[in-house]
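After this come two complexes, each holding subunit A, first together with subunit B and then together with subunit C.
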Partner chain A sequence: MSSPRSARSSRPPRVRTLALLLVAGLLAAACGPASATAIAAQGLEPGPDGWRGIPLERERSMPEATLLDTEGAEVALHEAFAGTPTLLFFGYTSCPDICPIHLAAIASAMGTAGVSFDDLDVVFVSVDPDRDTPERIDDYLANFSRHMVGLHGDLAVVEDALAQLDLPGPIVEGPDPRGEGDLIGHPAQVIGFDADGQALRTWPFGARRSDWISDLPRIVEEWS
Partner chain B sequence: MTVAWWCSSTPGQIWTWRYTPFIGVWVVAATFIGGYLLAHRRAGRQVDPRLLRRWVLGVLALFLVSEWPIGQLGVGYLATVGIARYIVYTFVAAPLLLAGLPDWLVVRWFPDGSRRRRVLAAVTTWPIALLLFNAVLFGTHLPITVDTLKVTQLGSFGVDVLHLGAALIWWWPAMQKVPAGNAIEEPLRAFYLFASSVLMFVPAAFLTFSPLPLYGLYELAPPLWLGFDPTADQQAAGVMMNIGGGLVLWAIIATLFLRWAAAKEAEDTAARRVRNEATLARIAALEAETAGTPGAVGLDPDRPASAD
Partner chain C sequence: MAVLPWLLGLALLAGACTATGSPELEVSAAQAAVPLAGSSQIVLTISNLGDGDDALVAVDTDAALGIELHETRIEDDRATMVSLEQVPLPAGETVRFRPGGLHLMMIAPDDEVVLGATFELTLRFDRSDPITTTAEVRDLLDLAEDALDDPDA
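Let's look at the complex of A and B:
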């Protein structure tokens, strides 16, 4: 009877080579990042000035656009939020990832940092007028904070507001794998405006609670 | 159908209940069971059904928490499920696998005098095993490790291999596998296991008491439901590590300790019985001797021992 060692060494080298190639192939296939957004897990890096939000290179103002709040009242963006720093975000209530992550992070960080909604407006503008009824927007925002402002309007008005900020309009990306209609592509960043309505910084997707806790008190102190 | 090698975090990927098989998990499970049976066949040994059952249960535990959906939920969406996976790897799968491993197979895989055996003997001495286990526990739960490694399938696979490897090494001396010189028993074994359960409270406390999510991976994952709070999920994960892991481990410590105490008790009783029998035999012999001597004081308990 041959010993285990000799049995192993007598195994055809081709089988071993094939096995090694198979393992190497599987491991190589497993090496790639799981998705393009995987890098976002680390959060935002602080800039030289300590801010986590990214400064805007071009000057932009609060869009001159009139939308409706969830009670049907007209809201002129450039007038309604003058005098208070504002975080503006374009999204939709069926959004499975970016919108709920951003809004939950902001609401939670405001609580932790002790920043009041009296000192900072957080505005959500729907890019999905077909599905986002006022009631639906209200219910949606209630998952994060009842103090957030929900706005909606004709798609053309929303697209115009986005264009004034040099942001692309919403696009239908295809069916939601959860079976909830279509996914809509939309700008993933939150835009920060000072009390004069000047856009100063953006927070891309990947901003974590710790990033907001670092920046929110400065927004209130320096932008009011 | 999407197919992947191993479960990994996929930020931006919406969770759906669509089955995603992880080929690597099937390959590993098949290798574990196939390798076990093949090793018996090569050695010309009969498979012990009792040991095989334990081995298969260990593999099944690994399989269930690594395959979809638990594997994917634990690595990409819920810290609670992630910690549950760790507990199953460490406190369920690893001891079951070791309990199903016959000593002759260990000797076959780690032959006497081989380098592999020397490495095994070195890493399974209890202080080294305790150190390695806790180094892996702490190292693999650091946010930088989780957020860096678990976003690739290979990294996630590596972390799982580390968890299982460290758990096997850690259980090795406690389960008294060969080499026999490394086996520990009570009270040292109880201390060894207890020390780890106490050290486990440290990462568990960080998870439970941190006011912010420590892992970007879970914080930025598409939420499974609206209003999902990653901080609450993390706190639940910490409590699970503390209570779940602690309770499982303490139950094991108590079982092993009580079993050891019962064995000691039985040993003592047997020794006492032998001593008593020897004493009785000596008494009987003395009695027999004195019974033949006229005027001698009898040792019969029914008779007075003294004439006074």
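Let's look at the complex of A and C:
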């Protein structure tokens, strides 16, 4: 498990690798077919049971990791969110594409489906502790709902939580064009836990507002 | 550093295979998301109706600090974003900029980039003359849902 310091020190080779991959990608695209247009992000196919979220093949549970909320209080994930179904998402406030769309879709669908934040915890964990101050996390989540829980902590703790869920850890991708630091890779999906803290389903990017409207009431009814 | 020769090589190669035929570009009206945390993304479509390749090399606007060409890639459950030097616009192809794929990232949008506002974008190409289009500012989720609804996308 690398600390933030060692992650920083290994940055130049990573950035170089990325640049080479980028060049390779551009080379492939320069004369080839329009691979640049290919992206499939339609709504999720309902399973035989009607769920849109995708069942997890392996058993996973809420990580045993202690983070901080935006008021500085310690939050032990496996204890704080026991007793209520929970949607967990790892992202960062400077994330321009995937993160805000997931969060906006969940917030909107909760309103439409009449699901209360009293019956479902929605938790955002920052993978960007250097930039995501408590104030910034609060301001960011307020764009979606003030009832969402924003957590942060040392990168090592976040990496440990991701590892317990068998999810890819945050990776530094190179300089942010806004000059604020680095772009960061993060898991693209939302993970749903039942009231006992068992991870049951995930919603990849491409989950639509209608997918959430369909699944949210079932989460509350079947996972509480 | 060591990347520079690669980039030069790429530029030569890219130039070599786009030199035949004539591109004929058509740019859709654009939609920009209400800014969040200092950035916004722009959705638009560029069709190359001609018989020659082209490439989008830059997008300018007075409404933000700048606009970057980005691509979100999702592999093995991990989302990453790469910044592109240019986006190929092959002859006969349509290229869409939208959430979860290629997109135009508006950096530090101005205060007037608010819901319902409009502003101009100028797209610059490798071969064709610049094209200016109008962007309307929309709610991010509405913009994303509509862009993902597009059956041709």
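Following the convention adopted for this analysis, the second predicted complex is superposed on the first by the 176 of 224 C-alpha atoms of A that agree within 3 Å, B and C clash if a C-alpha of one lies under 4 Å from a C-alpha of the other, contacts with A are read in each partner's own complex, and residues count from 1 in each chain.
Everything below uses one rule, namely that a contact is a pair of C-beta atoms (placed from the backbone, for glycine too) under 8 Å apart; a residue touches a chain by one contact, two chains touch by 3 or more.
Remember, it's a predicted structure, so these values are computed and weren't measured experimentally.
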Which of subunit B and subunit C A:217 touches, first, second, both or neither
neither
Is A:112 contacted by the first partner subunit B, the second partner subunit C, both or neither?
first
Quick one: subunit B or subunit C, who's touching more of subunit A?
C
So, A:209: does it touch subunit B (first), subunit C (second), both, or neither?
both
Touching A:136 in the superposition: subunit B (first), subunit C (second), both, neither?
second
Once the structures are superposed on A, label A:189 by its partner contacts, choosing first (subunit B), second (subunit C), both or neither.
second
Quick one: classify A:167 as touching subunit B (first), subunit C (second), both or neither.
second
Go through subunit A and flag every residue that touches subunit B in one model and subunit C in the other.
26-27, 29-31, 33-34, 36-39, 41-43, 96-97, 100-101, 104-105, 108, 140, 143, 177-178, 205-206, 208-209
Residue ranges of subunit B touching subunit A (in the complex, touch as defined)
4-6, 8-14, 16, 18, 23-24, 27, 42, 76, 108, 147-148, 151-154, 157, 211-213, 215-217, 219-220, 222-223, 226-231
Quick check on the complex: what are the subunit A residues that touch subunit B?
4, 7, 26-27, 29-43, 96-97, 100-101, 104-105, 108, 112, 140, 143-144, 176-178, 205-206, 208-210, 213
Residue ranges of subunit C touching subunit A (in the complex, touch as defined)
1-3, 6-7, 10, 13-14, 17-18, 36-41, 65-66, 68, 70-72, 74, 76-88, 90, 93-96, 98-103, 105, 107-108, 140-141, 144-145, 148, 153
The answer for subunit A against subunit C in the complex is residues 16, 18-20, 22-23, 25-27, 29-31, 33-34, 36-39, 41-43, 93-94, 96-98, 100-101, 104-105, 108, 136, 139-140, 143, 167-168, 171, 173-174, 177-178, 180, 183, 185-189, 204-206, 208-209
